[in-house]
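Both of the next two complexes hold subunit A, though its partner changes from subunit B to subunit C.
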Partner chain A sequence: MTLFTQQLFNGVALGGVYCLAAIGLTLVFGVLRIPNLAHGSLYMLGAYVTYFFLTTVGVPYVAAIGIAALILFVLGVLLERLVFHPLRNSPHTHHMIAAIGAMFFFQAVAQAIWGADFRRMETPISGSVHILGAEISAQRIVIIVTAVVVLSLLTWFIKRSIHGQTIEAIEQDRTGAALVGINPAMVSMLTLGLSALLVTIAAGLVSPINLLSPTMGDSLNLKVFAIIILGGLGSLPGAIVGSFALAIAETMTSTYISSAVGEAVAFIVLVAVLAIKPTGLFAKAVQR
Partner chain B sequence: MLSLENISVGYDATDVLHGVSITARPGELTVILGANGSGKTTLFKTISGLLRTRSGTIEYDGQTIQRTRPNSIVKRGIAHCPEGRHLFGKMSVEKNLRLGTYPHRDRTRTEEILDEVLELFPILKEKSAQPAGSLSGGQQQMVAIGRALMSDPSLLILDEPSMGLAPLVVEQVLESIAQINRNGIGVLLSEQNAKASLAIAHRGYVLAEGRVVLADDADKLLDNPQVQAAYLGL
Partner chain C sequence: MSALKNPRIIGTLAVLLIIALTPVAFGDENYIMRVITVGLCSAIAVYGMNIILGFTGQLSLAQGGFFGIGAYAVGLLTTDFDWSFWQAFLVGVVGTSAIGYLSGLIALRTKDEYFAIFTMAIGFIIYLTISRWEAVTHAHSGVNNVKFPEAGDIVDFSNPTAMFYLVFIILLICVYITYAIRRSSVGRTLLTIRTSEDLADAIGVNVGLSKQLAFAASAFFGGIGGGLYASVVGFIGPDAATVDKTFEFLMFILVGGMGTVAGPLVGTMIVTFLFELFQDFQAYRFIVLGPIIIALVIFAPRGIVGYLGGFIDKRARKRRIGSAHKDGAARSQGTAQAGGTATKDDSVRADKSANSDGSTRAGAAERRETTADTITTDDEEK
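Our next item is the complex of A and B:
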């Protein structure tokens, strides 16, 4: 039972990380109608920029994540403006090719600056907390709390503020949005910037647990795609539920079966969803 | 004043509008009559910036707008309530209306216009929390007109607002449009229902195969034998 509680907390913490990564991806899909295959490499860059400010510059942990998130926001805006925007009227394969190109570019940049070796981000938050007999590391508590706070702020922004509502307006009806005076180009930049900001927070939170490497984004990329397909492309509640479901399934199978199966769970889920309910759990009518 | 001079618009290789010239005077209700496929929707999409002209000029209040983007055209005071409504179906009626204020985002003005819109369409008060997509066709049309009004326009473009609505609802919608016009907002309206729309209009144009074939004061068009034969079934 203690093991179960322990792993449940680990699963929830991992779910929080997936959630921050998946929500941006699903928003980008909703607004730009493209699968941003470079999302995992933004996560990787977010981790390295956080690492840079924490260890090389020496600012406090939370500030390092904050600065990195802002830098990645700007990078996301530039990625939209310089790569995706010029391709807005081309066939969708062009976006995917461009996204993969961006991914390799980001990986090469990271490797040129920080090298190909694994790096460790020292845990600035130490200690652990006992909950229901389980020993939960403070870092995981921080992850869970931060995820909840950031997701609440994001929900407020998208549902309540007029600038956030433009994101949903574009998702639901592009023509209608243009006619009420919303500039789709601005909203596309905002959305990609936001997705890069969120995935950087995820990277900054999880890096003290994992190791940094230029290809660290690859497995996350595959998992968040599995999550947003599970949840239904473009659906926010779908991305949240999918993240926690997948993360808990992953930690539980790793614990009770084997870690190899745990790594494979995302793909078993992905294949099952595509075979049984390809529109995902929270299907949105995708208008083209 | 909106004036279109000799505009041509097309998709791919073919032109849909061939040298169309139309004027909508400030505060007046101008109606565009025409059968399906005569180019009414293309005309309106061109005015609001969704489509580009191939030649000719569009001026609004003395400024050329045929190269201006839709979001900037709304800011200049032209609100386009499109065919098919294009509401945000999963958002509440109130959110749809409030998003209409995006071009100005003026708090006091927002509340003023919201009151006016709810006075014009009282049923929307009851439905304000419901998703716009769950409303009946007539009510959705009211939301669409209301959303366009929220931008505080000087010219409201309405593309076949009565399409697909029950006759009784059509009457209500046209009455609301007349009321909007009486409140001082210029209206450019496209309709298949010639008699009812000419009755509330000042000026009218008849469009056929992408050309203006008739242009006159509304009451004269009502008496015009050509219009009577083609649209009034007399």
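Our next item is the complex of A and C:
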């Protein structure tokens, strides 16, 4: 039972990380209609930039994440402007190929700057908390709390603030939104920047638990795609439910069956769900 | 004879001839021969991608996985089970095609982005299976001493040049199959699906079955490429099945030109050459190549062969319109011969009944040109 509680908390913490990563990706899909395959490499860069500010520059942990998030926001905007914007009228295969090019580029840059070796980010938050007999590391509590706070802020931003509402408007009807004076190009940049910002927060939070490497984004990339496909591309509730469901399934199968199954469970679930419902669980009626 | 007047075919044959002659130049350099032969193996897999992506317009990201299955089938069966290469190769290719067909049954229920990511998940599951199922695949220690193909005492395939020609001949068959598909009604069916699935459906194409076969065919080519690769290299690890492998193939086809007959080969060879050029900075090559991929997709989505093809068409169209006018003028003077200039073209049987009026003929010639070239023009239109 103690093991179960422990793993449940680990699963929820992991779910928080997936959620921050998946929300950005699904937003980008909703607005740009692009599955941004470079998302995992943005996560990786976010982790390294956080590491750089924390270890090399020496600013406090929270500030390091904040600065990294802002830098990645700018990078996301640039990615939209330089790569996806010129391709807005191309067949959908071309975006994906360009995103793959960007992904390789980011990985090579990270490797050139920080090397291919694994790096460890020192845990700035130490200690652990006892809940129901299980020992939960403080870092995981921080992840869960931050994820909830960030998600609430994001929901407020999209539902209540004027800039956030433009995102939803574009998602619903690009032409209609443009007619009422919303600039789709601006919103696209904002969305990609926002997704990079969110994924950097996720990376900064989880890095003290995991190791850093230029390819650390690859498996996250695939899992997050599995999540948003599962939830239905472009659906926010789908992404949230999918994140926590898959993360808990992953930690549980890793604990009780084997780590290899744990790693594959996201895809097994994905195959099973798409075999039954090819457009995901929470599919919106997506305009094409 | 008429085929030899088509610049596209001449170009393709020239490329094949140049590659066929590489052993004359590098025959003694085992390393170079091996690199080129590995390139040809990749090219075969890229031809598979060409059918599903280039012709049918579905971005399948499982190709690296299929390549890995082919490679591991040959690798494991020839070492742990001591089968002959040919037996293993046959089983590998048939097995890969079967897995392709079966996964296609589910994968093709999805569309567009869902399909791309779903196939990427298939590729990743294959990779995970290979890299984690230690009891069968030896996981990260890989498979050593994969057998060379047996040929009695006739040829010794441990000789890199002999191996090169074996792979080359199989590649030739793949190129011919691609050419045959492109010309046949099957090819036109696939191109119609690429242009518009709804349209294809409306005019009575069995979209599901066609896509299913195209996907199985892509797995078939992937299996062939992988099986040969295992034998050429002699050692395989889980690297052979990574999703990155798929992305590599994607770059090859993009550089060469999607949906063209020569494109996959040209692209693979050029990019392999670039990879070798950047060999010393292996890990950093994508600092240059990444932006190149992006620039290619933005500024040159048709690839090298696509552009050359476009150039040829433009010239041919100009010439044909010019000669058609002349032809029409001649006819109106009552001196024209039946068929006229158009018989030079092998695709104009329908034209024999064409109007003798010069301008109509020119118009018909142009229309014919456009239908024959949906493949190069519709990328621009999109």
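Note that in this section the second predicted complex is superposed on the first by the 288 of 288 C-alpha atoms of A that agree within 3 Å, B and C clash if a C-alpha of one lies under 4 Å from a C-alpha of the other, contacts with A are read in each partner's own complex, and residues count from 1 in each chain.
Basically, a residue touches a chain if its C-beta (ideal position, glycine included) is under 8 Å from a C-beta of that chain, and two chains touch if they have at least 3 such contacts.
Remember, predicted model here, so these are calculated numbers, not experimental data.
A.B. asks: Superposed on subunit A, are subunit B and subunit C clashing or fitting side by side?
C.D. replies: Here the two partners, once superposed via subunit A, fit next to each other without clashing.
A.B. asks: For A:A112, is the partner it touches subunit B (first), subunit C (second), both, or none of the two (neither)?
C.D. replies: After superposing on A, A:A112 lies in contact with subunit C but is clear of subunit B.
A.B. asks: Please indicate which partner A:P91 is in contact with in the superposed arrangement: first for subunit B, second for subunit C, both, or neither.
C.D. replies: A:P91: touches subunit C, not subunit B.
A.B. asks: Between subunit B and subunit C, whom does A:A275 touch in the aligned arrangement: first, second, both, or neither?
C.D. replies: So A:A275 only meets subunit C here.
A.B. asks: Tell me which partner A:Y61 touches in the superposition: subunit B (first), subunit C (second), both or neither.
C.D. replies: neither
A.B. asks: Please work out whether A:F9 is in contact with subunit B alone, subunit C alone, both, or neither, and reply first, second, both or neither.
C.D. replies: Once the two structures are laid over each other on A, A:F9 reaches no partner at all.
A.B. asks: Quick one: classify A:A169 as touching subunit B (first), subunit C (second), both or neither.
C.D. replies: first
A.B. asks: Tell me which partner A:L222 touches in the superposition: subunit B (first), subunit C (second), both or neither.
C.D. replies: After superposition on chain A, A:L222 lies in contact with subunit C alone.
A.B. asks: For subunit A, which side has the bigger count of touched residues, subunit B or subunit C?
C.D. replies: Counting residues of subunit A touched by each partner, the higher count goes to C.
A.B. asks: Once both structures are overlaid on their shared chain, how near does any Cα of subunit B get to a Cα of subunit C? Whole angstrom is fine.
C.D. replies: 9
A.B. asks: Can you list the residues of subunit A that touch subunit B in one structure and subunit C in the other?
C.D. replies: On subunit A, no residue contacts both subunit B in one structure and subunit C in the other.
A.B. asks: So in the complex, which bits of subunit A are touching subunit B?
C.D. replies: Residues in contact with subunit B: 162, 165-166, 168-169, 172-173, 175-183.
A.B. asks: If we count contacts the way the header does, which residues on subunit A are in touch with subunit C in the complex?
C.D. replies: 29, 35, 82-83, 86-87, 89-94, 96-98, 100-109, 111-112, 116, 218, 222, 225-226, 229, 233, 260, 263-264, 267-268, 270-271, 274-275, 278-280
A.B. asks: Which residues of subunit C touch subunit A in their complex?
C.D. replies: Residue list for subunit C touching subunit A: 53, 57, 59, 106, 109-114, 116-118, 120-122, 124-125, 128-129, 132-133, 243, 247, 250-251, 254, 283-287, 289-294, 297-298, 301, 379, 382.
A.B. asks: Given the complex with subunit A, which residues does subunit B contribute to the contact?
C.D. replies: 48-50, 69-71, 74-75, 79-82, 85-91, 95, 98-100, 102-103, 105, 147-148, 150-151
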